[in-house]
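Chain naming follows the written order as A, B, C, D, E and F, and within any one chain the residues start at number 1.
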């Protein structure tokens, strides 16, 4: 497969609201487990996504991937989440909690088939606050 | 009034959702002016507050104010906004938009009478995203 | 003039190369004063601009200025510097050194008449590296 | 005095230990006021100093001050604090608490007469942790 | 073992003083090897710990671990170091130097048996200054 | 090989200009692929290098490597790039594009034989802007 020692990581941003909740739990249990994140009206975060792709460095361009091409793919996927109430407006998160873990997983599932080859998706990091982040990699 | 050359700034955090909207505007005008921020289901941010207080440095303690005392005041005010949908759950923001400008002003109005003297409120900075902040000072 | 207690600051980015040099100085003096920054082939920086505007908060929108309008103005001014060799390609910097001080001043001169009223330009901060910044305000 | 609209700020670093304590207080009062910071063995911080100088921009160099000259002054003053136990090894802090407030004031007093004219000291900001900073300006 | 593709990282903080020294070395050798860090009175740092835990994402909660539970564990371990002179007050560091390397290792040893299963400790990163960090993982 | 569970990472800085270009491409193709980065006069960045070395923790010093020794090696390698126009002044980049990918690879090739054993080079991360970084590891 040639030389694949390098990754490019680019940072994207979206803003979203969410509520953590499980219909199968009692109100009391929801409150106990999710605390303030269970507030029915929601709360929100500035999410920063570190999208890492790997691949051989092209001898012609010096690049793994053209950043403009990567941005094109990324904006389409991230814009769907931007300025949304995730657990209400994104079908995926009507079925599983819009936790940091699941948003990172969702991004992995969306990006995995979209990175133009020969580059490929390597890693997703999602910052939820400046004190919290989630890494996802299959 | 003695020597008041020093300020202490401490950074607090809250997470909240909001929607920007004006009932007096048509749907079209709301969309035009507020863009994605007009999404009815809301979106959210990680807000960072830089709270600055000024005052003479006490010769006994070397402090303008005891940080524990400042934290006591700050947590009470900031916890009211934390993990809330601001335009729905905070009465103040049912009347004016929960824009960064107005949240900064709201914080000023709440803090102005609460800083234990001889320290006094000097400045509020509110970060809404890592590319945007608001300063408020009367 | 009403209530003007609030500023909005937004952070913009550009990448540029420059060389510090004074034709009136000898080579030796240029080297002594500007050191590595006098390298004829140039070097470069990631410049971050904190653009602050002040104004009354509109009771209708909660805003000092619509960020989309501010971005429209800012991108036009900043794109002229982006990915350029400043001392060669920007006429202003063929006459004065493209130092951090002068770039901050240049930005002030460009922005001062472009901010849509009733908002007005309040302050420019230019980061040249993570250990250096310049503030400009007339 | 000519055009003095610009400041240059440069960030310096030192690491130091300190203990907050007042001999005139009882042990109990020291503990109550200074909390964990009263630990007799000391604790420590990574201090970041934002040193701001103001002055006219030289038409010959485009600079307020040559950064190398500023560094020369700054390293001499900051090295005296670096890797020290402040309240024990720096005479100034054997008399007043080595609080953030007083360290900022100490730096002001040291720098005020040392900035080569026509530049002059404008502002000191001292970060004690990433959630705390002190501004000093006479 | 199910799906373990995700890690949660949370950032904790403590402030401490230390001195690097080896009793078996001569004074001269201690000074040569440890430089300013050998100062007998100590110096200090703001330490930031990135604690990463891995585990399956619970289908009920969307979480690897409840952050409140993680905080409970972490605060107990980190509070023991907070506002201490490490090489004097923490028994572990009376025997080995309180270097960044050894503090990271110490944290690994403390956390390894304390993360509530099915989550497990994955990685420790310790920032000693903003230009230095240590990673530890067995 | 004993215990090699720890890495030390230290962050270095350089400023450089570059132009992305391929002589074998037409002007139109160069412009299409490299966009603004193809500007003949160049542009520039503040590059931050995270240099990670791994190795056993010495029982005598608590260190993987003495940071002064690492700095000695690093400054020699990084100073060659500092304040340079990379694609013109550094022979390596007259043959391959001075892309982030290739600069990271170049640093790996330079550092691989220079880290004093028993420590060894583990990882290179190169930040080109605050939204972009490259990892390299063979």
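Following the convention adopted for this analysis, a contact is a pair of C-beta atoms (placed from the backbone, for glycine too) under 8 Å apart; a residue touches a chain by one contact, two chains touch by 3 or more.
Being a predicted model, the structure only gives us computed values, none of them experimental.
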{"item": "For chain F, the least number of touch steps when starting out from chain B", "value": "2"}
{"item": "Most distant chain from chain F, judged by the mean position of its C-alpha atoms", "value": "B"}
{"item": "Identified repeat of the C-F interface (over half of residue pairs identical), from B-D, A-E or A-B", "value": "A-B"}
{"item": "For chain A paired with chain F, centre-to-centre distance based on mean C-alpha positions, whole Å", "value": "28"}
{"item": "Whole-Å gap separating chain D and chain F, where each centre is the average of the chain's CA atoms", "value": "33"}
{"item": "Approximate Å spacing (C-alpha centroids) for the pair chain A, chain D", "value": "41"}
{"item": "Sites on chain A at which at least two other chains make contact", "value": "130"}
{"item": "All chain pairs that touch each other", "value": "A-B, A-E, A-F, B-C, B-D, C-D, C-F, D-E, E-F"}
{"item": "Contacting residues of chain E [partner chain D, same complex]", "value": "13, 15-18, 36-37, 39, 41-46, 48, 82-85, 88-89, 128-130"}
{"item": "In the complex, chain F residues that touch chain E", "value": "5-11, 52, 57, 59-64, 66-68"}
{"item": "Contact footprint of chain B on chain D as seen in their complex", "value": "20, 22, 24-25, 33-35, 96-102, 104-105, 108, 130-138"}
